[in-house]
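Each of the next two complexes has subunit A plus one more chain, namely subunit B in the first and subunit C in the second.
Now for the complex of A and B:
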């Protein structure tokens, strides 16, 4: 078999089985004697539960609730904190909060029982928006002030001094809405028992998270529970912590029933009763001199976290650390506040807090540039951070920053400057540009202090098996990692095995999140491979490695000072649009992008990630509207929450720059989230220019554009 | 009300006895074990459950089994080992069309229906042909390119 080189064009290892319909997703699995479960959920956003009246259950049917948690267990899911309850008890805090599970053999009967189960509440006044939360509407949900979490970072002089020196101050507030993941495979999990162990088959990004989160419900240790990831039909962060919310109640049910139990959300449940991207409200107050030069920026970042903390503090940190974009402003002060509301908890979604502030800073800078008569691209490029430049957290950019080269690529390819001049403001045609980045892997020293990832290679004859906890969810990691192993060992990719992880068989490599898998786990596998190659003739053996933190990245997690990330991916996007003056529909006529991801492990996979990330990002800005009225999401199906179809966007033009990352495998760094982080702002910039409007919130579907046009007149 | 419904699935005679309002997707997935047919939305919006009924692409989640009496149905399982099916699967794999894969069997069915009717589609026609099939991962470019590849590679196969 030919040796696989890292730059060889190969075929994804999972593609044929998926295309043939042979890959088994959780919904495709069944077990003898299997029962089905339906969730019983809160129908109100806030209140106390007065009574739960369960109809008479036929033989073989069960209602499972907090009362079924044994005395040695606790009614909590252990995500980052333990505040999210497995079952609501006494009160409910959001629409869709789990109250119980109905379990039994026949789904029609379960639906009948669900329709006849009566819950009586005394309703409270819900806080739904960030403003509601700040005003403590209905009384605080957490603490005395509704604040789940907060932090600030400071660079340079105190902002009071900066504002005193300024010729003018430009202040505006920019808002972003909920975004739903819409992974084509809805959330799904099955629990069963095998050889005296509780076993989960689950569509999940982080199998090790699941066992840690749910074990305490029965007073068990995580190791007592086995989690097997099933082929996962998309995740985008929506299956990072959220599978815990399915698996917790299932475990309690299994403890009582001892039969396989399957819980599958239908699309309506998945839309209404799952985590979303955090809505945000970001206020920038920028000090300027008379020529429009930026002296300093003060930012106040609010994220709507929903009723429970889940991963929101980390999301907020990432939002704050990306609040200055790709720029080196002399003075900044940014405060982030995560507020509690009676909405479904917000959680991880591709970008993990960075897209909201990156959209806000890009749009804010566009507005300043326009006010002073500068082209946004030219204006922004004056502030590009460079290698050695000080970051918003008083750390330094370690790598070479290639933004000028990237900008040149997309500006030339799109003929940006000519079009920017030619298309008059409000002419119906517009071109927009944005710059963005994404810090790779966990914040600060998290990889060292919290995760301590492991990876293992096992050699049997001429074959090598990868044993890591990292998951394939569509991003191509099983192929990329096989390629890294094969190229390191100097063998063919066909000699490498890598199954969906089973927590009882592989080591914990940390979550498949934070764009860390290629960069961190890929490097670990490369190190394992280097040793294995040297010892190749020793017969059958295995090599396991633990993460080693690269030196020269100081970080203080208590003050948030130092190098917030080990390295960054960088991006630049240009979007061109044409507006229909009658319907206000916006047609995207061109998309160009350039990204620095170090070195691409597989260009075809990267190509697909770029296309998908950018489509998702423009969808976020242009069409994906998820409204919440009085605590209830209003969009419940794919016909009213519309995501891009094949007709929406033209074929994308894309570029990569080569900038090998010192500590990544073959020079690679993270890319999965980066490609989501900026096209939204380029799109809105183009729409603003085409229509001569100022946009301060997304999404902006045609009906909202109409409103903005009316405001402009 | 129970009915007896006779139809062909992937070339084999099938008899369904039961409620004619049962969704075709449930009969295919649960009674016949054809799990390549995926349920993405349950309302005919996403195309993951696409099958071919009497030569036309349909979404099996909104078709009651009563409506297929006398029909001929093909699912991914019925076409994947045909020359056309193999050409499509290979092209999707080589062309980088597949990410999470959940939409892909339905997408392959849409491509099959398209190329059977129009062996040399333009990119615009390909985009129209798959416009009823939602993909959240790829942004569609590589799916379009893969269908173009299948049209080129297949050549006479589609004529």
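Now for the complex of A and C:
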């Protein structure tokens, strides 16, 4: 078999089985005597539960609730904190909160029981928006001030001094909305018992998260529970912590019933009753001199976290740490506040808090540039951070920053400067540009302090098996990691096995999140491979390695000072649009991007990620509207919550720059989230120029553009 | 839960319809969605249903000698979009419905019978003053589509009737306009739509009509507003435009996004009329960017 080179263009190892329909998803799995479960959920955003009247249950049917948690267990899911209850008890805090599970053999009967189960509430006044939360509408949901979490970072002089020296101050507030993941496969999990262990089959990004989160419900240790990832049809962060919300109640049910139980969300449930991207409200107050030079920026970042914390504090940290964009401003102060509302808890979503503040800072800088008569690209490029430059957290950029080269690539290819001049403001045609980055892997020293990832390679004859907890969810990781192993060992990718992980068999390589898999787990597998290659002739053996933190990245998690990330991916996007003056429909006529991802492990996969990430980002800005009225999401199907189809955008032109990352496998850095982080701002910049409007919130479908046009007049 | 029947001939279907009131289901692209109950559960209808997709009597697109086009109720949007017999406005609407799979299974009878204000086909059909042929055991009757659709999800279909076909009378427009605004460029439900047409002879506008979709409980035509244009000369358009636009605006009643729907409708209508005033080449006006 031919040796696989790291730069070989190869067919994804999961492609054929998925294309042929042979891959088995959780929904396809069945076990003898399997029962089905339906979630009983809160229908109100806030209130107390007065009574739950369950219809008379036929033999073999069960209603499972908090009362079924044994005395040694606690009614909590352990994500980062333990505040999210497995079952609502006494009160409910959001529409869709789990109150119980109906379990039984026949889904028709279960549906009947669900339709006839009566819950009586005393309704409270819900807080839904960030403004509601700040005003403590209906009384605080958490603490005394509705604040789930907060932090601040500062760099340079105190902002009071900076503002005193300023010739002018430019202040504006920029808002972003909810976003739904719309992974093609809805959430799904099955619980069963095998050889005295509880076993989950679950569509999930992080099998080890699931066992940690649910074990406490029965007073067990995580190791007592086995989690097997099933082939996962998309996730985007929507299956990072959320599978816990399915698996927790299932575990309690299994403890009582002892039969396989399957819980599958249909699309409507998955839209209405699942986590979303955090809505945000970011206020920038920027001190400027008379020529429009930036003296300093003060930012106030609000994220709507929903009723429970889940991963919001980390999301907020990432939002704050990206609030400066790719720039080196002399003085900054950014405060982040995560507020509690009676909406479904917001959680991980590709970009993990960075897209909101990156959109805000890019749009804010566009507005300042325009006010002073500068081209946004030229204006922003003055502030590009450089190698050694001080970050917002008083750390330093360790790597070479290639933004000027990347900008040149996309500016030349798109003919940006000519078009920017020729298309007048309000001409109906516009071209926009944005710059962005994404800190790779866990924040600060989290890879060392929190995760301590392990990876293992097992050699049997001429075959090598990868044993890690990292998951394929459509992003191509099973191909990329096999490729890293094969290229390191100098063997063919066909000699490498890498199955969906089973927590009882593989190492905990940490969550498949934070754009860390290629960068961190890939490097671990490479290190295992290097040793295995040297000892290749020793017969059958295995090599296991633990994560080693690179030197020279100081970080203090208590003060948020130091190198917030081990390295960054960088991006630049240009989007060109044409507006229909009759209908305000926006047609995207060109997309150009350049990314620095270190070194691409597989250009075909990277191409797919770029195409998809950019389309998802423009969709976020243009059309993906998820409204919440009085605590209820209004969009419940793929026809009223629309995501872009392949008909929406033209073929994208894309570039990569080669900038090998010292601590990544073959020079690779993370890239899955980076490619989502900036095209939204380029799109809105283009729309603003085409129509002569100022946009301070996304999404901006045609009806919202109508309002902005009215405001502009 | 109602019974499901599968008649094999129209006569059998009409007997069933009269005897049980079973509702016709053809492509199922609306009804199956409305009756869905979740994964692993068959859709359930609270009334009897008959699957009529096998009835050949309701199929086919034909032109009559007088130029009238008859479209069988079971014709799919894909067939309609591809038929050279079908007038341009209707073909445009059919071609823009949903995605390929939907266009191959939905039917014109279903799109009319569902009577959604956002339905794509009724809008151009009402512009063209199409009629529906309704059939029962007692025979056939004709009715203007505009009269057949009573409001959102309401039609004049009696419990013993089926939609047999749609008749589109012949016409010859000097100018035509069609526009659907969806939530995205493909596979989208209509957010707003408009058809317009005019016949101009020797500088006189002898016929003018428009139809607004998704701008009220049903497709809106305003004969009163149209009459404000008809009979005028094209050079008079600037003088009568504002009055006409105000009258049209008074006729539509969009519930959600009212400002957008009203303003966009006005802009599209004035664009169409101004194009005529400016002496555009006869034919299709405008088109998407």
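Keep in mind that, in the parts below, the second predicted complex is superposed on the first by the 713 of 713 C-alpha atoms of A that agree within 3 Å, B and C clash if a C-alpha of one lies under 4 Å from a C-alpha of the other, contacts with A are read in each partner's own complex, and residues count from 1 in each chain.
Definition applied: a contact is a pair of C-beta atoms (placed from the backbone, for glycine too) under 8 Å apart; a residue touches a chain by one contact, two chains touch by 3 or more.
What you see is a predicted model, and the numbers here were worked out from it, not measured in a lab.
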Winner by number of subunit A residues touched, once subunit B and subunit C are compared: B
Which superposed partner A:195 touches (first subunit B, second subunit C, both, neither): neither
Touched partner set for A:27, first subunit B, second subunit C, both or neither: both
Partner chain(s) touched by A:15 [first = subunit B, second = subunit C, both, neither]: first
Which of subunit B and subunit C A:706 touches, first, second, both or neither: second
Partner chain(s) touched by A:538 [first = subunit B, second = subunit C, both, neither]: neither
Partner chain in contact with A:608 - subunit B first, subunit C second, else both or neither: first
Subunit B versus subunit C as contact partner of A:266, first or second or both or neither: both
First (subunit B), second (subunit C), both or neither touched by A:183: first
First, second, both or neither for A:645, with subunit B first and subunit C second: both
Set intersection of subunit A contacts, subunit C complex versus subunit B complex: 27, 266, 268, 639, 644-645, 647
Complex contact set, residues of subunit C against subunit A: 36-41, 99, 179, 181, 183-189, 191-192, 257, 259-260, 263-264, 267-268, 271, 286, 288-289
List of subunit A residues in touch with subunit C within their complex: 27, 36, 107-108, 111, 264, 266, 268-269, 578-585, 587, 623, 639-640, 642, 644-645, 647-648, 701-703, 706-707, 710
Subunit A-facing residues of subunit B, complex: 29, 34-43, 45-46, 48, 75-77, 80, 88-90, 92-94, 96-105, 108, 123, 126-128, 130-131, 133-144
Parts of subunit A lying in touch with subunit B, wherever the complex brings them together: 11-12, 14-16, 18-25, 27-28, 181-186, 231-236, 266-268, 473-476, 604-605, 607-608, 610-616, 637-639, 643-647, 649, 651-652
